[in-house]
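In what follows, chain A forms one complex with chain B and a second complex with chain C.
Showing the complex of A and B:
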């Protein structure tokens, strides 16, 4: 018998936490009630969110929201902290291959204004540091580096440049001017091989000229030396290959989770938790081994619910493919409130979900994976992947979320929209979602409801 | 079967009573939107009932649409304005393939399939420059009723270029143009063109004809002409274009109650 699992607000989680504890809840070291992130860390947005009520989801949230303190604890233990910016999933794989290194993603500070509902004043402070509201909210990273309240100052800061988001390049350059030394490595813009030109197959059904892969490999060679120097141990191929296999373990778990949730006739886990889970692929939320444990528990929960027929959305919910992460996490709840469910997503780091080839020299494999980054190639490549995944998961509509000020490809949304329309004839909407979207919620809800109505009407075709 | 539609828009509330069996509009009315949406809508709806000589109990179902739809508690259900406008326009013009709706505070482009079902849509509700609000602002600045703008624009020989894409800055630009001695009709025609250009951008490159233009702004004939110039195809205005949302809501109410 199918059952609809209710989502919980924060007060609901207070009760649920006590109940789980009463039943002998076993928690990781970073565990505890969700409420403490509001009381202690001022993550006020949690009070507006609806959460999954499983112990697995609690662990996921606690893992996400304790990253800062876990990083500080790691430093206290003598570990070196590496800030890995922009590549979304390549350098962290290398860093975690070395003992005593812990990589994190300072760009992740872009969610802080949402989580703290602006009480952190990061966006305003970014303006005073020279980066105004015409830039992506990732500008929050700038004052976060300055005030040290959201992550420790890294021992090494690595950033990719070249064919990456122009907003981010500007912000990272400003960061360097403010006195934070950056180790830059270059990413060429991916192109299709010319006829007769040597080519390499990349993850994600892509190809690129061999010369581009060589270029990235040489750049990553420099990164390898910098990381080895920081760790005080060489990052040889054997060690790197171990690191790749460990990263692939995370990626396989995520692939299984995505398959279990997105392909299911009704969703066993909510859209919000899936967004957070997918985000773990980028830098393992500063703990690769724990990421495996968190994802394994979520996957077990999803499988258990599927077996028992317990879902978070009704079978009639419209299957929505979601493109791009949202600046306000509340938007993911809104999708379900409006009658939709997540049936696939491209949160802009699909290359961090693809398996890193294990049958190639490890640096070559990483170079190919890095070059498969959707942000460094044509938007048509990304659109083609969206179409493939929409087909695979029987999506009925596509939502493209825009991040105010983000400009890594101004025409990308339109290209994806046109490709999806022409290939699949699905309704597509674009939504611009600011970090705190409360004032816009009625308008956002209206659009999501309209796309749900449109998709439902098409079922009766 | 008698059914009701309420379109609680951002600037006005429109209501309609519709006899589904006869496919006939029994009564319709409009009032300005206000803080007490529920009361305003109720009063308007009751007035329509009186006008049509009907009691509430005779109305099989009511659907509310528009931004304020969730405040209309006497409605049996709510449906978005995209679906309602599509249904309303399809009823009036079954050949319609594209609907452009410019309301007080948003604009929409709706692509329809042959049988009137929504294929896709795009909405602008972040920028006033593509909405009726922009025209209202200009009318207020020129100290005239906004319904007079179109007649004034007809006298334009060389419409002014309003280059700013932001309504607030465009207002400054308009003041500058007037101060520089630009003829008033040219400035107004320039404003209409600016709105049409914004909506044209929303529509994208492929607009399938026939195109129907609805919403309060469609009452200005000059706007349809400006849209025709931008889209490069005829733009048709149905009867009482500001009521297509309420009409669609009423029809959908009846279809769901059936």
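Showing the complex of A and C:
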């Protein structure tokens, strides 16, 4: 018999935590009640969120919210910290192939103003550093580097450039002007091979000219040397191949989780937890082995619920494909409050979900995967993948989340919207979601309800 | 066939060597004739380039990948119209791989130009184009420190239009507060800015915009392979905000700001242009000069509010 699993607010999680402890809950070293992230770290946004009530979700949240703390601990143990920026899923695979290196994305600071509900003042501080609200919330990274109150200052900073967002490129350049040396590597804008031109197959049903793959491979060769120098250990092909296989283990788990949740007749896990779970792919939340454990537990929970017919949304919930990550986590709750559920997502790093080819020389494989980044290619490629995944998971509507100030959102939304409408005839809506969206919640809810109702109306036709 | 280039770092010499006419888009007659409707975050310049490309029945437009707005503007132009457009990957770094990519892009552009009716250039033909452009650039570089701003802008515009050199520019004895203008493209419609600055008691001692002296940077080394000369001449001398790191821009600026005793910088920035806008504070810190940010989003020239700001800026520097 199907049952609807209630979501828990923070107070609900206080009770649930005590209950789980009473049942002998076994936690990882970073475990504990969610409440402590509010009390100790001022992650006030947690008080506004609705969470999944499983021990697997608790572990996911604790893993996410202790990342900075774990990075500081790693530094304390003598490990080297690598800040990797913008490529979302490539350089960390290389870094984690080396002993004693821990890679993370300072870009992730873009969620700090949301989590701390602005109490960190990072966005205001970014403005005082010359980067105002016309830039995307990733500008929070800039003062986070300067004040050192969040993540540890990396021993090496690596940033992809070229075909990347202007916001990020400009902010990273500002960071370098402020005294943080950056290792830049070139990412060409991916294009289709021309007739007669040498071509390579990329993950994600893409192709690219060989010369572009060569360019990325040569650039990653420079990255390889820089990482090896930092680690004091050569990053040879055997070691890198091990790293790729380990990354693929994470990607396979995520693929299974996505399949289990997005393709299911009703959602066994909530949208918010799926967003967080998918984010683990890009740099393993600074701990690759633990990422495997966290995802395996989530997958087991999803499978268990599917077997028992336990869901977090009703079977009537509209199947929504979501494009882009949200600056405010609360928006994912809102989707479900409005009668939707996730039936697929492109959170801007689909190349970090695709398996890295294991039958190629490892750097070549990584170069091809990096070049499959949806953000470095034409918006039509991204739109085509959205269409494919909408079809595969029988999506009934598409929501495109615009990131305030992000240069890529201006054009790509229009192309994705038109492609989806022309190809699938699905309702599509664009929403701009600021880091703390409370004041806009009624407007956001109205728009989400509109797209949900449109999709529901189509069912009856 | 006329080919409009939307970046100074896509060599006009290469287009001309293929037997086609080349023109910098900034000075095209139909460019920025009206104010385009802009959605939030849209760069006004990029939108103008897209609309221009879509309106050209008998011409092609080459977009650069130098910024997200133009790169994605190309996506929009080819998605919603049958514009003859080409996206040229201008690398952001100066690594060997990036240099190889730049050369490959020139060869690919050559294929595109041949599809438009161009012919494969002989080394002699390309060499002659390089010589001609090199001579004009050299002449303009020599006169630039002494030329009146509007005259120099006109001469650079002519060079961008057809590669030729305007009549000799008379050296002038400037009066007032020496300023630099740095930033995005300054089209002909924006030239009244020079008059506003003069009326306020200043003069433009350095035009460091995308249509100013920086685009005179490419220089040639005497080598047997003209394509290699072209590649190196541009790739090694590219001075722009999108380069990573963009320290070359600051080295170029500081040398000239100091030599010309500049006392203030006007940062000329299109609304929605993140790359230039983000440099505002760095310009102040690195150049140790006051910086006035002037934003533009239309073809109507400076807004009265900006004229007042500019006047106040010059007044405080007097």
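The criterion applied here is as follows: the second predicted complex is superposed on the first by the 460 of 461 C-alpha atoms of A that agree within 3 Å, B and C clash if a C-alpha of one lies under 4 Å from a C-alpha of the other, contacts with A are read in each partner's own complex, and residues count from 1 in each chain.
As a convention for this text, contacts are C-beta pairs under 8 Å (C-beta built on N, C-alpha and C of every residue); 3 or more make two chains touch, one makes a residue touch a chain.
All values derive from a computational prediction rather than experimental measurement.
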Touched partner set for A:29, first chain B, second chain C, both or neither: neither
Contacts of A:442 with chain B and chain C, given as first, second, both or neither: first
Partner chain(s) touched by A:170 [first = chain B, second = chain C, both, neither]: second
First, second, both or neither for A:3, with chain B first and chain C second: neither
Which superposed partner A:238 touches (first chain B, second chain C, both, neither): neither
Touched partner set for A:411, first chain B, second chain C, both or neither: second
Touched partner set for A:11, first chain B, second chain C, both or neither: neither
Chain C versus chain B, contacts on chain A by residue: C
Partner chain(s) touched by A:428 [first = chain B, second = chain C, both, neither]: first
Partner chain in contact with A:457 - chain B first, chain C second, else both or neither: first
Intersection of the chain A residues that touch chain B with those that touch chain C: 414, 432
Contact set on chain C toward chain A in their complex: 39-43, 65, 67-69, 71-73, 75-76, 79, 87, 89, 91-93, 95-98, 100-101, 104, 108, 111, 242, 244-246, 272-275, 277-282, 285-286
Chain A - residues contacting chain B, complex: 414, 421, 425, 427-430, 432, 442-443, 446-447, 449-450, 453-454, 457-458, 461
Residues of chain A that touch chain C when the two form their complex: 129-131, 134-135, 159, 161-167, 169-174, 176-177, 182, 184-186, 188-189, 191, 194, 211-212, 214-216, 218-219, 222, 378-380, 405-412, 414-415, 418, 432
Residues of chain B defined as touching chain A within the complex: 67, 70, 79-83, 106, 117-123, 125-126, 204
